[in-house]
Amino acid sequence: MSVNEKAAQAAGAATGPSTVAAATPAPEGWEPKIIGFACNWCTYAGADLAGTSRIQYPPNIRVIRVPCSGRINPQFVVRAFQRGADGVLVAGCHPGDCHYSTGNYFARRRYLLATRFIEYLGVEPERLEVRWISGSEGQKFADTVRELTEKIRALGPQRRLRETL
Amino acid sequence: MEMEVLNLTAVGPAGAAFAAQVGAEAGTDVFSCYQCGKCSAGCPISYAMDYQPRQIMRLVQLGLKDEALKSSTIWLCASCATCTTRCPREVEIATVMDTLRAMARREGYPYKERNIAAFHRAFLNAVAGGGRAYELGMILSYKMATFELIKDIDLGLTWLRQGKLKFFPERIHGAAAVRDIFDKVREIERKEVAAQREGRPVAHEGTEGHS
Amino acid sequence: MKYAYYPGCSLHSTATEYEETTRTVCATLGVELAEIPDWNCCGATSAHATNHLLSLALPARDLAKAEQMGLDVVAPCAACYNRMAQTIHETKDNEVLRHKVSQVIGAEYQGTVKAKSLLEVLAADIGPKVVEAKVQKPLKGLKVAAYYGCLLVRPPAVTGWDDAENPQSMERLMTALGAETVDWSHKTECCGASLTISRTDIVAKLTHDILDAAKAAGADAIVCACPMCQANLDGRQGLVEKTYKTQYHLPVFYFTQLMSLAFGKEPYKLGFARHSIDPRELLHSKEIA
Amino acid sequence: MSAIFTDHQAALRDEVRKLLTDGTIKGFIGYARGRDSYHPAPAIVTRPDQVDGLILDQFCIFGLTKYLLDYIFEDGKMGIVAKGCDSLALQRLITDHRVSRDKVHVIGLPCAGVINAEKVAQLGLGNVQKVTDKGASFLVEGDKGSRELAKTEYLWDKCLWCEHHNPAVADSKLGPEVENVAMKPRDYSDIEAMENLPPAEKAAYWTRQFSRCIRCYACRNVCPACNCRECVFDIADPRWVGNTVKLSEQQMFHFTRAWHVAGRCVDCGECERVCPMELPLMKLQHKLQKDIVKLFGNPKPFEPSEVEVLGQFRATEDPEEFM
Amino acid sequence: MRRVGVFVCWCGSNIAGMVDIEQVKAAAAKMPNVVYVEDNKYTCSEPGQAAIQKAIKEQNLDRVVVAACSPRMHENTFRRTVSGAGLNAYLLEIANIREHCSWVHPDKAAGTKKAVDLVRRAVYKVAKNVPLQRASIDVTKKALVIGGGIAGIQAALDIADAGQPVVIVEKTPSIGGHMAQLDKTFPTLDCSACILTPKMVDAAQNQNITLMTWSEVEKVEGYIGNFTVTIRKKARHIDTTKCTGCGICWSKCPAKLPSEFDLGLGQRKAIYVPFPQAIPNKPVIDEKNCIYFKTGKCKACQIFCPAGAIAFDQKDELIEEKFGAIIVATGYEQWDPSPYGEYGYGRYKDVITGLEFERLVNASGPTEGKIKRPSDGKIPKDVVIIQCVGSRDEAKGIPYCSKTCCMYSAKHAILLDEKIHAHPYVFYMDVRTPGKGYEEFYKRATEEHHATYIRGRVSKVYQKGDKLVCLGEDTLLGKKVAVEADMVILASAMVHQPAASKLAQTLGISYDQNHFYTEAHAKLRPVETNTAGIFLAGACQGPKDIPETVAQASAAASKAIGLLSKAKLETEPLVAQVNEGICSGCLWCKPICPYKAIDGKVIKERIAGGKTIERTVASVNASLCQGCGACTVACRTGAMNVLGFTNEHILAEVDALCL
């Protein structure tokens, strides 16, 4: 392979996975729908901070406030996919910083397993993002949402688990 | 120029664009600089500069492109990176100097330090010619360009006698490949400059030293 | 231990004694040097003072060759080492730039090999203990000021193998050879080598400050690891003495010269005759050579 | 490894008779002859005179422990016969506080593997009269012929990698313990192959499987880890999973079912065995097991423990992927 | 059918500028259960709240949705509003269309669409809300103060004066903290010891205050009003009931070591009180360095102690005590400036830190207040003070301003001139003097004491003969300058205590990226933490000078007093709840609870056939539960729920947002 070919391949790889998922084109005017589950103490506060700092990010995310990432049942995530979400963000305090001391450690175990399992069922792994975002990380919240939105935009609509009429 | 009032509002968007471009090319945030002067204080050459390195950063922040690109500072900088190493705001000042120098050359600003520019050109000519630096040829071509024929003659002769300077350049087999590097870089630069200017007239001297 | 060896232009011209003693020391310590075939100039300060891409492409061609050899690069010259380390650093996490560079050099550069300075290899990888074991003629009574200059230690984000403000690796090597080192203030100050031809006046001042500090600290000689520094501090010493009306007579060694000497090599083979400030008198007076 | 269940049939009957007679137990859950010699049926005996209807043979694959849930609020003990794998299921019910150990009398049955009746039934041997253990194979003699069947080919898959040949919970044991080694190492290569498929192919595969589901709940009903007093699938408010037969609901159902037993599955494989639509349900469970082993360093994810794997954590050792 | 009212706030132009209020209202009106929609310029204002109350009454609303700012901002405000109108406070939901929408999305159409979705989420959720009641719990009438510096002493004195018992836990052998190390205090130049020691004595003598020095907090359990704290009382090896503090023991002790209190500039013994005015004035034996502990021989202290107070066999004690409130006052550390290789701290003896200078100039310090430079004892003539060492230096990992250095550097400059007529050169970047009398103090330094202030960061300090050359740029001149100094003082940053994050984890409070403890609200709740019942005082929350520390300590004390003065506390009803009917009693929820709030309980139940049976179900102790909900996910049936964030709620929210 020539250097140019490799460069082209690398450039292609950089734009994200577009292989099979994009086989069915996205409908006109489609916008990624992303459901965020955010713990009240860190990530929700971080999202608030993004707001007070006026850090802009794509409007595709809608956040559901929960007390702790330990409250976020993976079944909620699958429910969101079933109901038509194109992507889901699960976010909480950094390990060690949980307001309830240990909730995020349980969340970490659950999502280490659940992300793999959901991927195993044929959902592109990019669609479920789990991140620790603290109350002081408004920028990280905005960056995470932006990256997630872009990744999902590249993937197209989520049809795998979606309810069809 | 020195006595004029700098009209900051007149700098306008072009100034902001200049600051942004310097930051982007140098890969550092020029607006992080808070003018503490640690760079200038540590700079071994700042005494000889017309603007302190800190002041160059300020000129860039304010978008005062002409002042920055016409300064001797950017040419005198020896790239020792003491400034970068000690900067409390992690600004890569030495890289900013590199960037400004390349920009000044690209855009045809008159070299404030002609000799330094001539040296760099002579050096690169030698490399482009044979793949490796060739001190004697380089020094001779530098001296032709700067008319400093007498200076350093003592040292040069001593070094010739000691075998430190060679009469003939080393040429590597891949000399053509190295020359190709220079050509490709020049080509890329030409395209990038053209894209940047978008219709504005490209008016500056040759983009490469070895032409 | 085997490295891809990048001598650099100076070691083939103004610094042949550095090249020769590098090979001597490496052979003694079992460091195998495989010279990169058909290497080209790293571009030095002139390249990055002129064009950023060029300053990455020139070293990248050499690094790509080393990649083919499957070996990390060792460069005795501080400037060459710095340009290579800089290229690796900048392209490490920047795939786009790495491909641009690959296109320019017409060969694939993947960024898989490291670049080390010879000083780092000998002081850190081999280490003073091994060096000490090889010493046959300790450099007793010789007081040296270890001079690092800029490019070995700065910027620390690129180099980072020794302290940027008060490096100690050369001191440790010199102590292992039986020499004494002085604690001094100017070991990482810039000598202005890239301006040596174009702004000799500036270089004279910088060199003066360094020589002054070394002398004040009580050093008999300076030891360095860079052909530019050596050429400046040694070759320009006469000019400095004339300009500032002072006398130093401080020989400027390559650290490999002193290592060779301590390893028992014949002094006449170490290129002392090529120095502007002839060190042989000093070595005689200390009964080292 | 020589152990043929039939050899212990008489001993079982004797013991059950004794237990019923002396009042140790008030009923016994065991096997009886089913529709043919390949398919035993569960049987509950409460009187000594019923005991001779109990059988034991090399086709007694399914566990009986879940029937214990029908007796938890009744006085007295129930007796049960349990192979190694069944004893794990019983442990599951005990650690889940669903069955209390002191209300069950366990007759343990060391087991060298159970013959896959579905495979043997295809061979046309007629009703099986006798099975003899030949080491690496079983000699199966039927009224229409006999065959020597290699264990590696004719045992249930789970018996091949079984490491629980002997019951972990037992009040008495039928016959000597058997050598407790797996016939072949546990192998997740089918899971890995699945993992390596691109998302669309995984999706296509599972769509093919789940779209066949008829929501009969046999998988749930047989599962020893699915032992809730009230199952989430039966609760109307909130309705986590719709009960219409729609692909998306089937997917939700299967995700939820698998997830609810993640880290609690005892690897009995009953869900898959009883599925009338032959859904590869253990492919879900094995994926979870495999990841639990890898992520949390739990080498035996199917042995019930005091704290389930998702009910604990290690602050610094657990993998950190979410920074 | 519910009767939901939706109130859309403009927040002036904060929301209305970026979200089309009319569109949101129109969409809300069509949502299920919504019977009334209204907008208001400022819903949180008095008229805005009155409008909600009016609508509740007139429209007979039974649920309220406010679409406005973050619930973290005004949820409590609006809860009070609805309960003021006779509605249960928990029949309210907030749609965050400001922080999560109008402030971050510049595209008005997309922002409006999102705002509608967020309102729908709240409308769906509120329909599932049920009235909740607050419960009340008892309060242990005792406060714990962690840290015995000026912050802790002040807080303890205030609480004690209010008649409540308080325990100070201090990890070093004496209370006093950093303030005890200082010489003079700005801007009045009172002697630090003269104003601190009386307070230390007050604390020791106050009937309501118990001092536990040489002690550390090991474990904290429980919750507001009912903390159970385990305190490790480290072995002092002194029977404090017998010891009179006569000092014979430390005069006889042969083991000499660098004194921590004097920052290594002076020495102490292995049995020691850290400084002469220490309280309690009873020594401790430093086990690591005591000759007896190391070799089994010596016992000089025991031999000479007239009171027989030496107790080599004393062991650490763990003491468990209950507290109603906790004040954290653990202070700061001065940053070690060694990472500045260019300043040569550690390489040149005469480069010292500001705190070291305090010991040099302090009359009870190692030089008895004579300013002599460490290398040769010479009295310095020219002294360079470098400000912002560490502080405001991102490259060194300290992005913030340490707030106190400008003032203490001015103080050092004044003291240098006053005491030894040395010439101070102060390198600064900005001089920050926002405090009463501070600017005037700085003026004194420059005008009366002729300190030379040079605007620029020093780049390098190096030895030249017996001088230290400081290279800087006078950025006002644009010239490189050098000062040949006899001594250099680095105004080093104030940083967190090394164990700050560990204590935060023990307490369950949060800390910022610089490891300072986080207050509940930067402006409005500056002394509270996010954990109810735990308050902050002093520099553990961020760099502070003494007046500010004392003020915050009193503020924290008043919060604690307020808490302790209540007979009962109302608790949040948003806690876990078990649906016993479907609970299987598997108790997998139990190990997950961080508050040990879950246990099994046996209930009796009549089953079909008229029989009564007993079975075990999970049970939540509502006053221990903090409502995190981690248990709910372990419950397969959904028998475990968190009020306010139930499964029903979240599923409805997911559905609403995916419509």
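Think of it as A, B, C, D and E in the order they're written, each chain with its own count starting at 1.
To be clear about the criterion, contacts are C-beta pairs under 8 Å (C-beta built on N, C-alpha and C of every residue); 3 or more make two chains touch, one makes a residue touch a chain.
Being a predicted model, the structure only gives us computed values, none of them experimental.
Steps from subunit A to subunit B, minimised over paths through touching chains, total 2.
Listed by label, the chains touching subunit B and subunit C alike are E.
When each chain is reduced to the average of its Cα atoms, D sits farthest from subunit C. Summarising the inter-chain contacts, the pair of chains with the most C-beta pairs in contact is B-C.
When chain centres are set by their Cα atoms, the one at the greatest distance from subunit E is D. Work out the mean CA point of subunit B and of subunit D, and you get 77 Å between them. A separation of 50 Å divides the Cα centre of subunit B from that of subunit E. A separation of 72 Å divides the Cα centre of subunit C from that of subunit D.
With touch defined as above, residues shared between interfaces to two or more other chains in subunit B number as follows: 47, 82.
Residue positions of subunit C touching 2 or more other chains, listed in rising order: 103, 106, 164-165.
The set of subunit D residues that touch two or more partner chains comprises 240, 310-312. Put simply, subunit E touches subunit C in their complex at residues 340-342, 344, 347, 462-465, 469.
Of all residues in subunit E, those touching subunit B in their complex are 342, 388, 392-396, 429, 455-460, 471-475, 478, 480-481. Residue ranges of subunit B in contact with subunit C, taken from their complex: 25, 27, 44-45, 47-48, 76, 78-82, 84-85, 92, 94, 98-99, 101-102, 105, 113, 115-116, 118-121, 123-124, 126-127, 131-135, 139, 142, 146, 151-152, 154-155, 158-159, 162-166, 170, 172-174, 177-178, 180-182, 184-185, 188-189, 209. For subunit D in complex with subunit A, the touching residues are 194-195, 198-207, 240, 246-249, 251-252, 255-256, 258-259, 262-263, 284, 287-288, 291-292, 295-296, 309-313, 315, 318-323. By the touch criterion stated above, subunit A contacts subunit E in their complex at residues 31, 33, 35, 40-42, 44-45, 47-48, 50-52, 54-59, 62-68, 70-74, 76, 79-80, 83-85, 93, 96-97, 99-103, 106-107, 110, 135-136, 142.
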